[in-house]
Each structure stands twice: as C-alpha cells, then as structure tokens.
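Structures are listed in the sections that come next.
In the two complexes that follow, chain A is the common piece, with chain B as its partner first and chain C second.
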Partner chain A sequence: MDIRSQISMVFHLDKCIGCHTCSIACKNIWTDRKGAEYMWWNNVETKPGTGYPGKWENQDIYKGGWEVTDDGIQLKGAGKPKSLTNIFHNPHMPVIDDYYEPFTYKYLDLIESPAGDDQPTARPISMITGEPMDIKMGPNWDDDLSGSPDYARNDPNLEKLSPAEKEAMFQLERMAFFYLPRICNHCLNPACVASCPSGAIYKRGEDGIVLINQEVCRGWRMCVTACPYKKTYYNWSTGKSEKCILCYPRLEAGEAPACMHSCVGRIRYLGVLLYDADQIESVASAPETDVVNRQLDMILDPFDPDVIASAKSNGVADSTIDAAQKSPAYKFVKEWNLALPLHPEFRTLPMLFYVPPLLPVMASVTKVDNKEQSEKMHPVGKYWPDSWLYDTSTEELFGTIDEARFPLQYMANLFSAGDTAQVGDRLKKLMAVRLHRRQVTVGDVSEKMVKSALDDTGLTPQSADDIYYLTSLAHFNDRFVIPAAHREQAIEMMEFAGDVKGSTGFGFKTGTAKRGA
Partner chain B sequence: MRFLSQCAGLAILSLSAGPPSLMAQQSGEEIFQQKCVACHTLNADRLVGPGLAGVMTRRDRAWVKRFIMRPDLVLGSEDSIAAGLLEEYLVPMPNFGITDAEAEALIAFLGGGGGGAAAGETAAAPDVVEPATEEQILLGQDLFQGKIRFTNGGPTCNSCHDVIHDAVIGGGVLAAELTTVFSRLGGPGVRAIIGSPPFPVMQRAYLNKALTDEEVAALVGFLQQADAEQALHQPRDYGIKLFVAGVAGTVILLGLYSLVWRRRTTGSVNQSIYDRQIKST
Partner chain C sequence: MNALNTFLFVAFPYVAVIVFVFGVAYRYRRRGFTVSSLSSQFLEGKTLFWGTIPFHIGILVVFFGHLTAFLLPRATLAWNSIPVRLIVLEVTAFTFGLSVLVGLTALMVRRVTNPRIRAVTTKMDIAIELLLLAQVVLGCWIALGFRWGASWFAADLSPYLWSLVKLAPETGAVFALPWVIKAHIVGAFAILFMVPFSRLIHFVVAPLHYIVRPYQQVIWNWDRKSIRNPNTPWSKTRPNNS
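Right after this comes the complex of A and B.
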C-alpha cells in the first residue's frame, strides 16, 4: 500500500443553478490577464450541449486521454513517440475558434463620441488583435439551449443513444437540461503530466493538486492535446501553458477555492480522500465499465487503523488524516456512494466527483378535458386550448427514473462510461432520500413505501437524513474541510527558521519622524 | 544630461582629432610607406604600378601632384599620359584622399625639390619569398572562405571576392574576381594589397583588423595556387537547374508532410456555425 492524500471535490448537480458565479470568480482572480482572456479554468456548460471548447468530449477530434493498447494504456494523442515526431507541430491542437475569440467593448466611445445624429455604440473589440470584430462564439454560447440543432443535438454523449431516445429527449414537452460546472479534475492518472516533454507538470505530493511549473514549461502544448477535459490552456502571450491550480494559495491559507467559496447554489464540496497509489496503473487499465468501481475501491477508509498507520508511515500528516475523516468528499463518494467521476472512460481517474442530477424528471403527459376550466376564464384573458396534462406525480416507486426525461443512457455516458446500472443506483438513492424527507416533512407518502425505497438503495433513515443535511443544510465548514498545509514544515525543509528569529517585529525603527513646521 | 553631452563632445573631439591631423604631421616617407608601397617601388621595378625612380624628372611636377591627389579625375579626363599608363598597368590607381600638404610631402620625398635625393637608395627590392607550403595553402583556402576566422576579426575574403576553385562555393560578387590576380599583379603586389589595402572600401573594412603576416602568406599562397591550377578547377554551375530542383524538393517535402499528417486537425469544430453567421463587413 502506498497511501497518499488527495484534495478531492464533489459537485452536486441537482443544486447547480447555472449562474456562472464560479466562472467569474475564477476569471477575476486568475485569468484576467493578457494571453489568458480566452481561458476559463472554471466553466459551466449546459447539457445536452457541445460545451467549451466545442465538442471537447469527442476524443476522435481532440485525441485526449488514455487508450488501452497491447502494452497497457497509452496516451491517445501524445506520449513519447507521438510527441517526439510531432514536437514542432502538434497536429491535434485545438484552435482559438474551438474555444472562442475573447472580446470586450469599446465603452469609451459611448461617452467620448462627438455629438451626432446617432447614438454612439460600443463596438466589440477582439482582446487578441485589438481590432473591431464580429462576435462569433462565447465560452457559454449554448447556455440554456437544450434542443438546439447546433449545440444540444451535437452533444458527443448522444452518440450511443438510439434515434428514438434522442428524439424523446428533445420533444417539446419533455425537453430539459442541466448544468455541468467543470474545473481541472486533478486526476490520479493525469494525461497532462504524462504528456509533458519538459517535465513541467507535476502532481503535488501533499494534496495531489496538478500544477504546471511556469519556469520549466517550454510551451510544447502536448498537455493541451493530452487532457481529455481540455483543462490545460496555452497562454499565447507568455508562451506557456496554464491550468486550474485549485486556488492552492487559498487552500494553504485554509480558504476554499474561489469558485467553491463563491458558489451561490452551494453545490461544491471539498475534502481529503486517502487512496492507494499502488493501484493507479491497474485501475486505469481496467475494462471500461469497471474503471469507476475500481477507482472507488482505491479510495480507502480513513478510520481503518491499517490505513492510518500506512498513511502516517508515508508522511501524511495527522491533521490531513483528521481532515480525511471529516471529509464531505469521502461521505458523498464512498460512504453514501452518491457521486461519480466525469467520463471515467478517459482513464485519467479524475478526482472531481459529480452527484448526478435527478432533475424534475418525473412527468407523464395525459389527455384531459379542459373545457370546464376554460369556460371559467374571461375570453380576453387566458384561454388554454391545450388539453394535455403535465403530471409530475407517480404511483410507482422508481418508475420515473427509468422513464426520466433524460434517458439513463445519456447520464451513464457522462458519468459511468455508459453503464446505466451505476448511474441508476445513484439516482435511486437521491430519489429515496427525497421520499424519506417527504414522509418526514409532509407525511403524504406511506411509511411502507419509504421503507422499501430506503431498503432498496441500502440507506437507513439516519443516513438519508445525513445526506439531506449535507445536501441542503450544510455549513461552510461542513462543505469545505481543508487540511492544514503545514507550510512551516515545508519552509523548514529549505532553510533554518532560527536564522530570522529576533530580527522581525517591533524595535527596528531607523529614525524618528520629524514633527512640526 | 550634462554628463552625456560632455561625453558626446569628447567623442566628437576625439574623432576630429583622428587620422587627418596626424597625417598632416607625417613625413613624405611615412606616407609613402603607408599608402604607396603596396603598388609602387622606389626603383624602376614594376609592382602593380610603375616604379617611381626618377618620376619627378619624367613628369611635370604639377601633373604628379594632381595625379597623386585625384587620380580618378586625371584618369577620367582625356589625359594621354594617364591613358597610356592605364593601358600598360591595367589597374587604375584609386583615390586615397591625399591632402595638399601630404602631396607636397610626397613630392618632396620623391625628389621633386629638396630632400628627396635619397629616394633611390631607400627603395628596397621586394623580398624573395619562399613558395607557400601545402599547409599554408590549405589555411589560406579556409581563411578565404571564412572557415577559419582572421585573428583580428576582419571580414572573410569571400564576402566580396570570388575565386574559381573547387573548394570555394559561391564567393561574393561585390569586388574583383581574384582567380588570375596572381598573374596580373604578381606575388609582391598581392601581398602588399592584402597587407595594407590601397582601396578605400577594403581599408575601411580592415581598419584596426589588419591581417597577420601568417594569414597574408597563407592567402597569397592560396591565390597563387588558385591561379596556377585554374585550368584544373571547374566548379559546376547548375544554373536554373538548382532553382528548379529546389522548388521540386519543396513540393515533394510538403506533399510528404501532408501525407504523414493527413489526420491532423484542420479548422475549427465550430466552422459550420461560423460559416452561417452574418458578418458586419
């Protein structure tokens, strides 16, 4: 066993309202710079949709992630032989138009234009060339556009769906969408690290944050190709690649990352997971639908004395083990088994987990006679010729999950490499918690029905209440359990702190300020 | 600011106090050693130009002075003496920008009125030089092409000159072609020109970067060999074929690249969307 600690994230998609506050917080702190304008280390996508950069999930285009070959897993678009032969021109690089050309507006024209017959306008200006431009695309151009032919219907996750399933998704009455906020997954088997010809990318030992050393990066951009989530970006001004740093300066000060701190829906959770690094290669090479379960098996119980002893012998700090025991990520991912990684089939073993969205999926459409209702209304007022009833109540326990507006297959393509059983399990648990809470707060659901729902999903009323608490009531310190970074120890490894003892603080004034005229 | 302007003033002063004022104080002999000896002897021997023994008796004093100061003008005019000399010696004498005072000093040195009697005696016959060794010739070949740099950092010969020689590929065309220079000017002439160039451009190029004696000997050896063996050396001239081959090679290479990288990503995934968008211009 080689126990290491990883700061892991859980995003609860049922709670995401798609406000992009996370993206803006991140942009204002980290990517509001020349050369980084087009980067969104945090972005929020509408699903179904093509995302940012366009169709990033389609690795036939972008060649990201790992693939299984005869010699184990290999990078799809990078790696030693491929990188060496393509080092002066990486043939699978996304272009700026795959993202979007960043723009601003010439606001000064609004107040500085001379008087004229027309209102002045603020023309859009490219933030790359500085010239006036036509805005063609944005980082969330398909926001809320479910059913659109260019975006929703081009979602790469629809590929394995039957034509009937696809059509069902986009029927007017059934149409739905949800939001998928994305940051760097800080993977256990990061393709970006493996692809870097300069060795500039590394996974931090103490917390597993994946970072690009800006002083070592030579701008080969193999990581841009290799990352299947397209979460490393090339800065055209500095000539180096950049990526989400999980706000490590904030983490080291005990603060939550900016995107998580600012999250309006409080969908984001952050905590330590202990995992066995010896298994990384075998798990990443496992058959596609096994990868998720094997990855979850790698994550170990922080209360197990063997695990604790092994972690300590590996240099994991007591404070980190303590944080792992309180970790909301451990509860969602392991204890309740509610969260799944995004696209495990890319085999990078992402450590950002998603609680799949249940969505307001329960609905049946029946023909009813609205004549009586319509007659009551004033003719000038509302007249409702539609005779369809959109019914969100159901008799059957989990029937609606199988008949969800989103086919389970679609969710499975996103979160479990196409295995509907794994996503179905999580959704049923969410449903059972809802039924349980309905019974507690409203009481119009039969006790027997709730019991059978909880039993079916392996939950107890206690654990259902715990899930409810962490989902809906959790405080800041429940959602973010940040281990002490122990920077003082890191500093002491480099220099002797006693050297500066007694040389800072009061008493070093060089002179007294002159007073008077 | 004041410091800067003082520096600039000093620089200008030191520039203006440079060579011209120094030359004004030079004797005729010094000027001769500096500027004339490359091509002229003080006896009757021909070097590049004619030997200058008794020149002041052969020629009119005013003519000599004019020729020393502005040879280009005299040669350009319809002066019959000058035309005859050019026909005989082939190399037109360059204009050295010699001042009136310097010309007087030179004429005095050459025996044109007082103090020049010893002129004939000081003239030394050029040394008999041993033929260059094989190593020297090879060194000269490398020096000519710049494969070995000159010790004092002077520019390589083939920047401006060309020689027909198998070892030399594409010399310069800015200055004279030097294949037959040895038979035209003779060993002493070539050596003198390389050692202290009489031509203004060459003078400027090698200002403070004079060639060492070994380098001069090596270059002379090389030029002598090039001259002697010119019939044996026939570097091929590919003419238009070289250009055509270059273009064909480029086309083949580009074709190969597009074949090897045929699966590369081309264009944007959003191109079909962009194509339908209305553009403002």
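Right after this comes the complex of A and C.
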C-alpha cells in the first residue's frame, strides 16, 4: 500500500446558479495575459450543451483520454509511438476556432470618430491579429441555450438516448438545463502527464496537483490532445501549454483557490482524500462501469488506524491526516456516497467530484386530468395542453426520479459511464434528505414515508441532517479544509532560507513570441 | 581572395561551432523558457500539414544523408561503386531535397498570407526561413548541376570536415570548388551559427527520452520520508526526491 494525499474537490451542482463568478476570478488572477485570452481554466457550461471547446466530450473528434487495448490501457490520441510520429503535425490538435477567437472592441472609435451622420460604433477586433473580425463564438455563448439546435442538440451525452427521450428533453414545456462548472480534475492517472514528450507535466507528490513546468515545456502540444476534459491549453504567444494550477500559491498559504473562494452559490468544497497509489493502474484498466466504484474503493478511510499508521510511515504529515478526517470531500464522496466524477469512462481517475443535480428532476411534468386547475389559469397559460402539469406531490417517493425531466441516462452518461443505477442512487439520497428536511421543517410528509425513504437509501436522520448542514449551512471552514503545506520544511530542506527572503517567489517574466536573443 | 576563403572555410566554421555549443548551452540553462519552436498549429492547422510534414521529413533524410557521408566516407564510396546504387541514392536524396523545398515554400506562403500566423512571426523567423530556402535551393542546384555529390562529398568534403575536426584544416580541395558548392558549405555553418539565436534550437530538445520514460511522473518537493525523520540532519541543499 502506497498511501498518498490528494487535494480533492466536490461541486454540488444543485447549488450552481451559473453566474460565472468563478471563471472571472480565475481569469483575473491567472489568464488575463497575451496568448491566454481564450483560456478559461475554470469555465461553466450549460448542460445539455456542447461546452467549451465545442463538443469536447466527443473523443471520436478530440481523441482524448485512455482506451483499453490488448496491451493494457493506452492513450487514445497520444502516447509514445503516436506522440513521436505526430510530432511535426498533431492530427488531433484542436485549433483556436474550436474554442473561440479572442476579441475586444475599438472603444476609442466611439470618442475619436469625426462628426458624421451616423453613430460611431466600436467594431470588434481580434486579439490575435488586431484586425476587425466577425465574432462567431465567445466565452459561454451557449449559456442557458437548452433546446437550441446549435448547442443543446449537439451535446455528445445525448448519444445513447432514444429519439423519444431526446425529444422529451427539448419540448418547450419540459425544457430544463443545469450548469456544469469545470476546472482541471487533477487526475490520479492524468493523460496530460503521460502524453508529454518533454516530461514537463507532473503530479505534485505532496498534494496531487498536476502542474506544467513552463521552463521544460517545449510546446509539442500532445497534452492538449490527451486531456479528455480539454483542460490544458496552448498559449499561442509563449508557445507553452498552461493549465489550472489549483491556485497552489493560495493553497500553500492556507487560502482556498480563487474559483472556490469566490463561489456565490457556495457549491464548492475542497479537502484532502487519502488514496492507495498502488491501485491506480488496475483501477484505470477496470471495465467501464466498474471504474467509478473501483476509484471510490481506492479512497481510504482516514479514521482507520491501519490507514493512519501506513500513511504516517509513507511520509504523510499529521496535519494532512487531520485535514483528511475533516475533509468535506471525504464526506460527500465516501461517507455519504453522494458525488461522482465527471466522465469516468475517460479513465484518468479524475479527483473532482460532482453531486448530480436533482432540481430539474423534482419538477417533473406528469399527465394528469386536472380540469379544475387549468380552468383557474389565465388564457395565456393555456398555450400548452391542459393535461400537462408539474407534479410536485411527494406521493410517490422516488417516482419523480425515474420520470425525470432529464432522462437518468443523460446524467449517467455524464457521471457514471452510462450506468443509470449509480446516478439514480445518488439522486434518491438527495431526495430522501429533502423529504426528511420537509418533515422536520414543514411536517406535511408522514414520518413513516420519510423513514422508508431514508431506509431505502441507507441514510439515518442524523446523516441526512449532516448532509443538509454541509449542503446548505456550512461555513467557510467547513467547505474548505486545507492541509498545511509545510512550506517551512520544504524551504528549509531545499535551500538556505536567508537566500529566499526578498526574492520574487514564484513567477517570472520572459519575452513571449520572440525566439531570438 | 585567399583571405576570404580562409575566413569562410577555416575561421567561420570554428566560430559557428563554438557559438552553437556555447550559445545552446547558455540558452538552455539560463533562458530555458525560450527553448522551443513557437508552434502555430493552434492558430492554423490545415495548410500547416502540407508544409511541415514534407519539410521535416525531407530535412531529416537530407541531414542524415550528409551526416552519413561525413562520418562514413569509405562506406559511402563503397556503396556508390555500383552505378545503380549511386543513382538510387542520388534520386532518393534529390526527391527529399525537393520535398524540403516544397514544404518550406508552403510554410513561407502560409506565414506571410495568414494574418494569424503573421501575428506570431518575428523578423528572425523570416530570416531563418530565407536562409533555409537559400540553402535548399543551392542544395537542389548542386544535386542537378554537379552530379554524383554522394561520391564527391565523401571523397572531397568529408576529409575537409574531418581536417577541421582534427584542428588541422586542409582547405585545398574546398578552395577549388565552384561557388555554388562553396555557398552551400558556408550556408550550412551559417545555419549552425544561427541555432542559439532562433527557433532552430528546437531540434536540440527533440524529446527522444520520452521513449524510455514511464508514463506517469510524480515529483515530490522534498523527500517526504526523510524530512519528517528527526534523525535527518539539517542541510543547506535539497535532499534527493524519492
């Protein structure tokens, strides 16, 4: 057993309001630079939708992630033979138009144009060429566009759905969407690391953050292909790849990453998970629908004395073990089994987990004959057939989950490699917590019913309250349990501390496009 | 004239090699961030294919052809002793030379016509492309106009290059060559000279070590076990990562 610690994250999708504050916080700190304008290390997508870059989940196009071959798992679009033979021209490399061409506006024209008959306009200009351009795509232009032909209907996750299910999703009256915030998953089996010919990308041992050494990166761009989440980005100005660094300078100082700190909906949780690194290869090679459960099995109980002893002997700091015991990620992922990784079938073992959204499920539309109700409606409201009504009854405990506005299959394609049972389990738990809390606060649900809901999902009133607390009431320090980075030890061991004082710390400034002296 | 010849074929090669070695070492160690070619595939990927592939494949074959004749002159001459083999060799070399020419032309056209690529183009990029273009045009000209270079390179130029290596330059044969070939030789050393100052440096860091590397890389900031061991003595230097 090789126990390591990993900074892990949980995103509670029911709480995401799609405000993009996280994206802006990240952009302001890290990617507001030449060559990085188009990069969104953190982005928020509307689902169903094509996302950013367009249709990134479709690995027939982008060739990201791992695939099972006779020879164990291999990178789909990169790897030793492929990266070296494609080094002069990478056939699976996305181009900037797959993201969008960054633009600004000629604002000066508004005040400096000579007087004339027409209002001056600020024309859009490309931030690459500086020339006027026609904007075809911008950041989050798919926002809230569920049902749209360009975005929602091209969602790769619709692939396994029946035509009837697809149509049902996009009927105007039933239409729903939710938001999917995405950052680098800091995977346990990162495809970007494996694909890097220069060896510039690495996983940090202490906390599992995946980083690109900018001094070693030679811009071969294989990581852009290999990452199935398209979370490594090529900086066209410096010729290097860049990615989310999980705000490691902030983490080391005990602060939450900017995207998490700024999260308005407080959907984000960050904490340590202890895992057994010896199992990585076998878990990543497991059959598709087993990958999730095997990955969850890798995560170890930080209260188990054997695990603690083994972790200590492996050099995990006491403060890290303590953080692992208080970790909200451990609670959501292991203790309550509420969260799932995004697209586990890519086999990178992502360590960012999502609590799947229940909300669109609740307001399922049922066909009831409710003449009385419809007669009360304003004539404008009678646009749709009278028999369609939102069912907010709780008569059937979990009926609304199977009859969800989002077919379970769609959620399963996102979070559990198409296995509806695993997503269904999580949603039922969320529903049971809701029923329990309704019983506590409103009291119009029978105790017997709540008990059967909790029993069905393996929860107790106590654990349901805990879930409720961490979901709705949790304070900053409950949501972010950041282990001490022990930089004091690192610096003492690495260099004479007196030399460090007064130096600039991380970061440096070097010319961009120039390759000359 | 003799002074110019001596400069071009004795002094300049030494200068070029020294600048190459020390320039590359300096840039690698002190300006590591700039050691790469600025890929523009992200801005334009389709026409790049028709330039970069013929260019790189061609230049690799041509380069290793020259290198073989330089390192193994006797073997080359022995191979060429049968005319059919010589013709096969020459035709192959010329084909790949043309491939370089076609690819380089495509790359240059792309570079000047595509506004996005122009935005990431430096004067040095243009200078290097012109230098390479001149070199490959001269090379193709030599292949056509001064036949059986595969043999006379091994016979005449390999000894000259070896004499440079041995620090005892024998320049008689080189001084007598036609100017086209002389220009090609000077061009070769000029390219070498320019490596540390341009994007050409990327060939030095060709990632061949990737073949032997394990796929996953984990780097520890410090030796996680020894750092928490009270018996580990304090040290000014960093202990090896485990």
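Everything below uses one rule, namely that the second predicted complex is superposed on the first by the 463 of 517 C-alpha atoms of A that agree within 3 Å, B and C clash if a C-alpha of one lies under 4 Å from a C-alpha of the other, contacts with A are read in each partner's own complex, and residues count from 1 in each chain.
Simple rule for what comes next: a residue touches a chain if its C-beta (ideal position, glycine included) is under 8 Å from a C-beta of that chain, and two chains touch if they have at least 3 such contacts.
On a predicted model such as this, the values are computed, not experimentally measured, just so you know.
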Review point. Do chain B and chain C fit side by side on chain A after the overlay, or clash?
Key: clash
Review point. Thinking of the overlay built on chain A, is A:Ser472 touched by chain B (first), by chain C (second), by both, or by neither?
Key: neither
Study note, to complete from the structure: Of chain B and chain C, the partner touching more residues of chain A is C
Practice item. Check whether A:His89 is in contact with chain B, with chain C, with both or with neither, and answer first, second, both or neither. Key: both
Check your understanding: Which partner does A:Ala194 contact after superposing on A: first (chain B), second (chain C), both, neither?
Key -> second
Practice item. Once the structures are superposed on A, label A:Asp150 by its partner contacts, choosing first (chain B), second (chain C), both or neither. Key: first
Review point. Is A:Thr104 in contact with chain B, with chain C, with both, or with neither (first, second, both, neither)?
Key: neither
Practice item. Examine A:Arg221 and indicate which partner it touches, taking first as chain B and second as chain C; both and neither are also allowed. Key: second
Point to revise | Of the stretches 63-71, 81-89 or 171-179 belonging to chain C, the one that collides with chain B | key: 171-179
Practice item. Share the list of chain A residues that count as touching for chain B in one structure and for chain C in the other. Key: 89, 91, 93-95
Check your understanding: Quick one: in the complex, what on chain A touches chain C?
Key -> 79-80, 83-84, 87-91, 93-96, 126, 128-131, 189-190, 193-194, 196-199, 201-206, 214-221, 224, 234, 236-240, 280, 314-317, 489-490, 492-496, 508, 510-511, 513-517
Revision key, fill the gap. Contacts from chain C onto chain A in the complex sit at residues 27, 31-45, 48-49, 52-53, 56-57, 115-116, 118-120, 122, 124-125, 196-199, 201-202, 205-211, 213, 215-225, 227-228, 234-239, 241
Point to revise | Touching residues (chain side chain B, partner chain A) in the complex | key: 261, 263-265, 267-274, 277, 279-281
**Study point:** chain A - residues contacting chain B, complex
**Key:** 50, 53-55, 61-62, 86, 89, 91-95, 97-98, 134, 136-137, 150
